[in-house]
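Before I ask anything, here is the structure I am working with.
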Amino acid sequence: MSEEILRVENLKIYYKSMWGDYRVVDDVCLSVYKGEIFGVAGESGCGKSTLVEGILRLVKPPGYIAGGRIIFEGKDLLGLSEEELRRIRWRKISYVPQGAMNALNPVLRIEEQMIDAIIDHLGYLPKEKGREFAAAALEAVGLPHEVLKMYPHELSGGMRQRVIIATAIALSPSLVVADEPITALDVVTTRTVLETLAMLRDKYGITVVFVSHDMAAHAELVDKLAIMYAGKIVEVGNVNSVFYDPLHPYTRGLIEAIPKLDKKTIKPIPGLAPSPLEWPPGCRFHPRCLFAIERCKKELPELKEVGSGRLVACHLVQG
Amino acid sequence: MDKLPGRIAGTFKYFSKLLAGNKKLKVGVAIFTTIIVLAIIEPYVNRLRLGNRSPDEIGLGGSYEPPSPRFPLGTCPWGRDIFGMLLLGTRLTLVIGLLSGIVATAIAVLLGFISAYKGGLIDHALRSFIDAFLVIPTWPIFVIIAAYVKILGLIEISLLLALFSWGGAARIIRAQVLSLKEREFINLAIVSGMRDLEIIFFEILPNFAPYIIISLTNAIMGAIFAETGLRLIGLGPPLLPTLGYLLNLTLSGGFLTIRPYVVAFVSAMLILIFLSLNLINIGLEEEFNPRLKKVTGL
Amino acid sequence: MHPLISYAAKRILTYLLTLFIVVTITFLLFRLIPGDPISSFVGQLQAQGRYAEAEKAQQIIEEYKRMFGLDKDLFSQYILFLKELLRGNLGPSLIGFPRPAQDLIMERLPWTIGLLGISAVIAWALGLVLGCMLGWKRDSAYDKAFTTASLVLSQIPYYLMAVILVLIFTYYLKVLPSGGAYSPKLTPGLYWEFIKSVIEYGTLPALSLIVASGASWLVSSRFLTVTILAEDYLHFAEAKGLKTSRIIKRYILRNALLPQITGLSINLSFMLGGQIVLETIFSYPGIGYLFATAIGLLDYNVINGVLLLIIFTALTANFILDLLYPLIDPRVRYHG
Amino acid sequence: MGSSYLLSLENVTKSYVVGGFYSRRVINAVEEVSFKLPQEPIVTALVGESGSGKTTIARIILGLIKPTSGKVLYKGRDVFEILKENSLWYRKEVQAIFQDPYEVYNPFYRVDRVLKVAIKKFNLAQDEREATELINQALEAVGLRPQDVLGRYPHQLSGGERQRLMLARAFLIKPRLIVADEPVSMIDVSLKAIFLEHLKLFKEKFGISCIYITHDLNTANYVADNVVVLNYGRVVEIGEMSTIVNKPLHPYTALLINSILLPDPKARSSARSSFRVSESTLRELRPRVGCVYQQRCPKAMDKCFKERPPLVEVQKDHFVACFLYQ
């Protein structure tokens, strides 16, 4: 097994509100290994986006990190000063945000938005040099260098998303964190963006953390998959085993709810996702779980290892 | 559909909840209500103090009398009672502001609505007119008219002010109607078989109340602002002793040298009026424009 | 045709058309107003003891009317007015008779340009930069104090601000003068003492404008900044690990600049009108004060001249901004 | 006059003037679109990417916007004529479910209102009691508990609940045709399935036809019997869902089907290798002459850049607009 690049330990991210704290990410642990594409799946409100924002310490008030450790290449990111953190961002960990349509400054040319990051991390370099750097990054994601001279609104949604990915790899970071990079994109564009992300790892060996609510996208892209529900990770495993042998009832529900081209049956998950203000007691999924037993209503199941690299948090699964 | 009394009670509850939630709105409404109460009780207070004589009567007291129990802020060069005039001025200024504000808002709502809802040529013409109105300095034109049409009473000056101050409000209302018109719930209403008028009254208007109030407070402020400015340069209806007139009187009467606090009192009253109206405005905008919510800080 | 040229041509056409309409309206405004300025002017002269005989006075009134072109029908007057206006001639003034109105206006214009120009630019730039800084440090103690203060100050009309400033600086602290544009003991010229005096006398009127409008620029620019801070592109810029100075300069100030430039054109028309009250309060010898004086004396040609000048300035400034805007904002430039 | 078709669009074109700062030009959001819905209950999918004009078509069918040219016939009569004469009848017959389950509620009112207005406008109940009963029935039919949703304001409900309430509204009105514009694109996976199930149920149990508008062929395949594929405002292919999924004719349809993400990690490699998109141009402008798909089409011929290919029937009930099949 290759070396661990990112380890999240007992991470808690809460949002302050008038009615108390929303425990959006509640005691999450996970490990990402070098060179893998790690997927995080879950429905809206499960805390997956907050989790990755937390990894980059980009959580904005009223959200705050309430506890835990984020070990990246041996260093705890939560212990770094603002300046140390600034140096690590982009140089080591880059971020592909949700809502790519608006992630680029509308009044600056693409070139400037790519080169400024390069200059702020590598120090001053001549214009030509910076442009070369940026053009190379664009080429890596399959975009022509004419894009450099353009403004964001001149590009289609998929192209903007790829410009962002190009910006993200311009400094050859070791980790790229992509937060819902394919929401609101058309099918064809989604495909292109997924191909580009796969290439980051295949060609450049960059580790990728990929967050999406779309299970099919995970099936298409990731090596390892974590399923989040109600602020917690409920299952982790190799993507094949998660899809072919889901252990947690929620995971099974998610997979059965996707329509498939050849099969004309889908099974919805009953009930509604709970609110982060007041998670249900016991296992957070038990009110919607068809297999819930008495124990599930009282006791929160721990995430435990049930095979090599296979973790699940369910009372029904024995280790 | 809901029953009417229930809806009124609901609306009332809604507004009181709103008020409780926003500090700026609360302070603004409190100050403005106090000033309105002052304006309402003015005739009684002054009658109590001065009997049947008006505070702006020439020769009520001596020239430049210092403050005394009878004239708490002294008298003007012509022996008029400054304290009484301050109350009277507040009343007149507010009446002019409210009158012209209401008329201007009515014009603005009507034109803004027609412009946005009907669209086409009417909209184009109205929009160009409003835009020109905002770019061209209309205030000097207003000053000229106010100066030459000498016999301006309370109603006339208010109407004239209204005529000059509906532009900005019409623009806001038009923009709001346009954005509401595009909202999907209007489409649902159409698909549900609602008629044009029903949609305007039951779907658009209820969402509109805050913007009308904002337009109203803006128009009131605009009118008071213009009237006071006009009086400061010595123009306007001579028989209407508004706050602007009083300020001009005290300034030109040399009160800055002899009793500066008199000027300060008059200015303070004007400032309070502007400030309270504006707090109401900001408060409402914060509550109803989610993007703006809380970003004005504090 | 190149889209840029057709756009510019369209703008120029609307600009000229608006100018023409405005000139016509102001012309009509003056002719339709009741009252006869010449008679009342001569009446004033009579009251001062000149032209005591009524018959002679009537003769003089006729004479003046001919001179002002008031004896012809409305249309010929209009044509005459347009012709003379194009030549830069507004006709004789009453205040400074027989000097033409444009001479009086040109004499006062530099004072207004100096006062308004300098204070408007200072207020705008200061408001923009401070607002951005406060927005960046939002919810800090500085932000709370300054923003609250500005919120209050921006609501005080500039003329009340003037009164308050005069109260404080002229009458309590007795440090700054508050009437005229320079010390009456000096003769205008280019020497240090005179310049010092101009600055001294200009400080209070300028300050009232700067405080009142600067505060409202600050509030709006802070609002813009906070809105920008919530934008996705700022979140991304932070994730890129950019230096703070770059984020403020290229991502906040740059983007806040655009709406603030548009705001300038509407604000300008407001400030130009405001000059009338402000200069009157300070007896500042600019065109605003001239306008107020001319109104008191029913000096048509001067009033008309100042009014046209103010409107012309506002329209032209707006026209130039309209032409420039697409060059500043790429979104507009490349649209369609 | 009776008609063998429930709804038919005949050469419907909708053009807009887009005003740039410097220039104005006319674009056709929808261009010469024709397709027909049979009388028997059926779900027809309208599939296309953003900018394909699918939402514009929905709005034209609903009578919210007027086409620039062409006709929409409902049971053989022009829709805009019907709307003039007897709009309530048409509204009762043709209903809508919109994309954004939040925007569709007026924030001023409780959510009940959408149901109450429908009952009142379409005279569905004689008295208050009957109305309440109908509402409860409708809510239960879509799996909502009345006490969970009634009396709430829109922001107090989740996206899934709000969208299901729209289903309840449709259930209440029981129209002949539902136009559903991307109804599941903004709700969670687990609720998507419920929603789609209901659309199918409506068809089977109540004979309600549906036009299901989406960019996602996957869900379309799940609910729809027929499909109309749109690209840049033009119809490129029409046919039975199963035929088209298995054997797409138009290269664009083939691309769409290839782009579908399969929820099966083992199918990954084969899908990846078969997927190619050529992006020769930067700004994707809709071509004014020739086939609308010319820019991305790997099989484009000279002819494709000169003429618009007409929509022709290549097999029974299978139409395609491509020179490869003429």
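Going by the order they are written in, the chains are A, B, C and D; count residues from 1 in each one.
We take it that a contact is a pair of C-beta atoms (placed from the backbone, for glycine too) under 8 Å apart; a residue touches a chain by one contact, two chains touch by 3 or more.
This one's a predicted model, so the numbers in the text were calculated from it and none came from an experiment.
Chain centres defined as mean CA positions place B nearest to the mean of all protein CA atoms. The pair with more inter-chain C-beta contacts, choosing from A-D and A-C, is A-D.
Centroid to centroid, with C-alpha atoms defining each point, chain A and chain B lie 53 Å apart.
Centre-to-centre separation between chain A and chain C, using Cα means, comes to 55 Å. If you average the CA atoms of chain A and of chain D, the two centres end up 32 Å from each other. Within chain B, not a single residue touches two or more of the remaining chains.
Within chain A, contacts with two or more other chains are made by residues 154. Looking at chain C, one finds that residues 334-335 touch two or more other chains. Residues 132, 134-141, 143-145, 147-150, 225, 228-229, 232-235, 247, 251, 256-257, 260, 263-264, 267, 270-271, 274-275, 278, 282, 291-292, 295-298 of chain B touch chain C in their complex. Chain contact summary for the complex, chain C toward chain A: residues 231-233, 235-243, 246, 250-251, 254-255, 258, 329-331, 334-335. Touching chain C in their complex are the following residues of chain A: 56, 58, 60, 85-91, 94-95, 97-99, 101-109, 112, 116-117, 120-121, 151, 153-154, 164, 167.
Considering their complex, residues 49-50, 158-161, 188-194, 196-197, 215-219, 221-222, 245, 255-256, 258-268, 271-272, 275, 277, 279, 282-284 of chain D touch chain A.
The residues of chain B lying in touch with chain D in their complex are 1, 183-185, 187-194, 203, 206-207.
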